[in-house]
Amino acid sequence: MYNSIIIENFSNPCHSGKVTSPDFSIELGNPVCGDKIIVQGVISDDRVITESRFQAWGCATTIATANIFCGYLLNRCLDAIRGIKTEKINELLGELEPSQYHCLEMLRELFQKAGEISSDKQYN
Amino acid sequence: MTYFNGYFDYNSTTPMSDGVIKELEKAFTLFANPSSSSKQGRECKNIINLARKYTADLIGAEPEEIIFTSGGSESNNFAVKNRLLKSIQQPGTIIVSTIEHSSILSIVDYFKKEFGFSVKRISPSRKGFIETNTILKALTPDTRLITIMMANNELGNIQPIYEIAEIAAANNIFFHVDGVQAVGKIPVDVRLLKVDSLSISAHKFYGPKGVGALYLRNSKNVHPLIHGGGQEKGIRGGTENLMGIIGMGQAALEAKESLSKWQAHFTQLRSAFCKQLFEKIPDAELNGPDDGKDCLLNTLNLYIPRIRAEALSALLEHKHHCIISLGAACSNNKVLNLSHVLKAIGLSEEKIKGSFRISFGQYTRMDDVRKLVEAIYQSYQVLMSVSG
Amino acid sequence: MTYFNGYFDYNSTTPMSDGVIKELEKAFTLFANPSSSSKQGRECKNIINLARKYTADLIGAEPEEIIFTSGGSESNNFAVKNRLLKSIQQPGTIIVSTIEHSSILSIVDYFKKEFGFSVKRISPSRKGFIETNTILKALTPDTRLITIMMANNELGNIQPIYEIAEIAAANNIFFHVDGVQAVGKIPVDVRLLKVDSLSISAHKFYGPKGVGALYLRNSKNVHPLIHGGGQEKGIRGGTENLMGIIGMGQAALEAKESLSKWQAHFTQLRSAFCKQLFEKIPDAELNGPDDGKDCLLNTLNLYIPRIRAEALSALLEHKHHCIISLGAACSNNKVLNLSHVLKAIGLSEEKIKGSFRISFGQYTRMDDVRKLVEAIYQSYQVLMSVSG
Amino acid sequence: MYNSIIIENFSNPCHSGKVTSPDFSIELGNPVCGDKIIVQGVISDDRVITESRFQAWGCATTIATANIFCGYLLNRCLDAIRGIKTEKINELLGELEPSQYHCLEMLRELFQKAGEISSDKQYN
């Protein structure tokens, strides 16, 4: 049912939580199944993501997806995130069953939104 | 017997008991065709008839009233098709509850679609009960069949089958009962219960999968589901599933002997579970009957707010090695997985997604229950912290 | 493996092979519901799909084309009902041989009686063959189904299924083949054979009783025999017969590997048997194909003048511990026991009463054959002396 | 299928054969199944059956029936045969299955015919 990457990530969602003063916030909802992910993070002056945390409400694969995404962001430069190849994204969740494909969609959307994060620090 | 610690899905299927396994081992070298006239063939036939007696005894039937089948689904299909094919020239009304097993719902739909029967679907109460007055109200002069399950697999409700049987008998209507979840968990006695047919499945009470029985009060003029070589009084063809039937017989024997012990055991497990769980998660809710009244005591259908049962179940399985169920196992083959039973009792989609079933069995120990509650609580906390 | 010395009734049923028994033993502790999404459930599902692959391989099918059933009778009923229910509004003609198994004959009769189908019964030749031109002649524009067995259980005839399949395909007629006796004894390859469906039964090739399969070329718009919870691609409901299916898979694997070895073995046994028997009882006659051509080599249907086969069989069993058969085992449930197959090839009642079937299996040794001939001869002499 | 009495008697039909100069001969046929039994015997001057042999063509139970009958005749006085009680006859074959009841019919008929054997020696 779940591959080992997914299992590892929903069993130990180490990146869950909130960020006290986030530089960015990505929100994603799935109108069909009602899943929801919020990712927040902190960007350093040299455009590296130094903190990234998520909140998720949804199925196990959704939680795993959010955790994997946050893990990937952490300590990576915004430009690297923006430049990530589709193949790389596809690999991140491991092999999925058809009923889990929607999580890959979510992951792609997360990366797209991450790519849109303004390079200028937003103080909010 | 440790290979099923952490298993809380006995309503889906059960492991075979030691006694059943022992009988199957003994049966490996039995191989004569039970229809053969040789000494060995006769022996096999006698063994089958002993299993038939044990199966009959479990539900208070006569051995002649028991037809062995390949399981609960076949028994349900056989009973329904037999009755409806008899009035195929004058299709009438079928009364069925909305919370039947898919083997009943789909065969009823089939007769509606293909042969023009009309179907009256009885909705249960908010707590899953089929009320007798709803049956009374649904009666029409052309009602050909009433089919109601004895106990619901997802909620555990025990339906007022005795009362419905009286109504059916008084109106001369064929009454089929899906007894698959009830038999082996509560006493069933067809001598008192005026049903025309009743389905049983061995794998729900520690027998093998792929074998079951149909209790049929009157086996005259039957339309067989499987026509064939004269086995089972000529109304169910096919060389007998020797090992399966032997296993079923042994399982029935053990179930009859142990029933009250199991019931007492479930009472204890249930109250311990509820006490511990509601202490830790006070806003959890029972979807089924409140205090376990008129309910399979081994079955708990629960809703926990603000989490997805799917995620809970995944954590339970992969972090704590506990197996629970998100509704009938069968539904998982399908894409959309919202339990028709939980929909039928009026739960919102949100609530259904937060609902899950726990079902105990004879091998569940008090300690397993404690561990399960702890595992649910820990997983719940993880999910709550993840959702912020 | 000595508990079946003296068993010469392999066409009726076979003992399970050591390999099958070993797999069943391993399967005792597998118990998850194969439809459950748990890891254990998935494992069971995978095991079933492996068995499906082995079963498919045995007949050159794709795994997706294999539906597991409770045996040959269910497979036959499923195939025939599925086809005929599709044209229930326009009943047409069914073409069937007179020497089919009772599971085919009785379901065909049922559709005639209940739904107004007409039936064209094809008689075999004096030696038991269905000739293709008789099929050609029977064709009508409204033919809905042709159903012919691949090999006859009593005589062993292998029918010209490939040619009949061409005729059916050319005329766009659904062609069902009862392959129960053929599969496991001769090579069957549905890639070459243009049949629409084909029945298999595990207990005919060293698998368990009560499990079989239907090869179904096109599983769209199927009318299930057992409606249910979505198992078997949604066209055969019921919790899977896990042990049975595992046993069948193993048996199929072994049959595929051993087929040519078994065939060579049967050739030797057969010629030794015939040589020895006809030397001792020169006026014995083969009811089936003369030289074993187009015949299951393990099957010999014999007539010995001036004796009753029933008495011969009784002496063989009780004095010599040899089991033979007086026609299909199934027939013994009935009162009048004259084989419909032997009648169909035109044998007189007298001849039928003097006829019996011997069928060898993989465990039959040359020495067993020698003993059997000796036992037949001694019994024959007793009966001749008794009749004076 | 067969009870032990039947098995013993058709397995070892020790009374089968012909009698060289029989004093009586009983013949019985079953038109339905085609079974046939011929019993011949020798009667001593004091009306005792000193020899009894049968020929039978039929099923195993028929052969057993004939053998049991001959065994019973042997060394018994004609009067004893004539006076045999129905219950005694019913016991001779042991417990039967419904499909074997016709053999009991045959046995009764054999005893009836035996009862009709003329007490005078017939030289034929």
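Note that the chains are named A, B, C and D in the order they appear, and that numbering of residues resets to 1 at the start of each chain.
Please note the rule applied: a contact is a pair of C-beta atoms (placed from the backbone, for glycine too) under 8 Å apart; a residue touches a chain by one contact, two chains touch by 3 or more.
Nothing here was measured: the structure is a model prediction, and the numbers come from that model.
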Quiz prompt | Distance between the centres, which are taken as Cα means, of chain D and chain A, whole angstrom | solution = 97
Quiz item: How big is the gap, in whole Å, between where the Cα atoms of chain B centre and where those of chain D centre?
Solution: 59
Self-check item: Rounded Å distance, chain A centre to chain B centre (Cα mean)
Solution: 43
Quiz item: Rounded to the nearest whole Å, what is the centre-to-centre distance of chain B and chain C, using the mean of the C-alpha atoms as each centre?
Solution: 34
Exercise. For chain B, write out the residues touching at least two other chains, lowest number first.
Key: 37-39
Quiz item: Which chain A residues sit where two or more other chains touch them?
Solution: none
Quiz item: Which word fits the touch map of the chains here: line, ring, star, complete or other?
Solution: other
Exercise. State which pairs of chains touch, listing all of them.
Key: A-B, A-C, B-C, B-D, C-D
Self-check item: Of all residues in chain A, those that touch chain B in their complex
Solution: 2, 7, 10-11, 13, 16-18, 34, 38, 54-60, 62-63, 99
Quiz item: Which residues of chain C touch chain B in their complex?
Solution: 3-4, 9, 12-16, 21, 24-25, 28-29, 31-33, 35-41, 69-74, 76-77, 85, 88, 101-103, 106-107, 110, 114, 201, 203, 208-211, 223-231, 234, 237-245, 317, 323, 325-326, 328-334
Quiz item: Hey, which residues of chain C end up touching chain D in the complex?
Solution: 306, 308, 310-311, 314-315, 318-319, 335, 349-350, 353, 382-383, 385-388
Quiz item: For the complex, which residues does chain D have touching chain B?
Solution: 1
Quiz prompt | Contact footprint of chain D on chain B as seen in their complex | solution = 37-39, 42
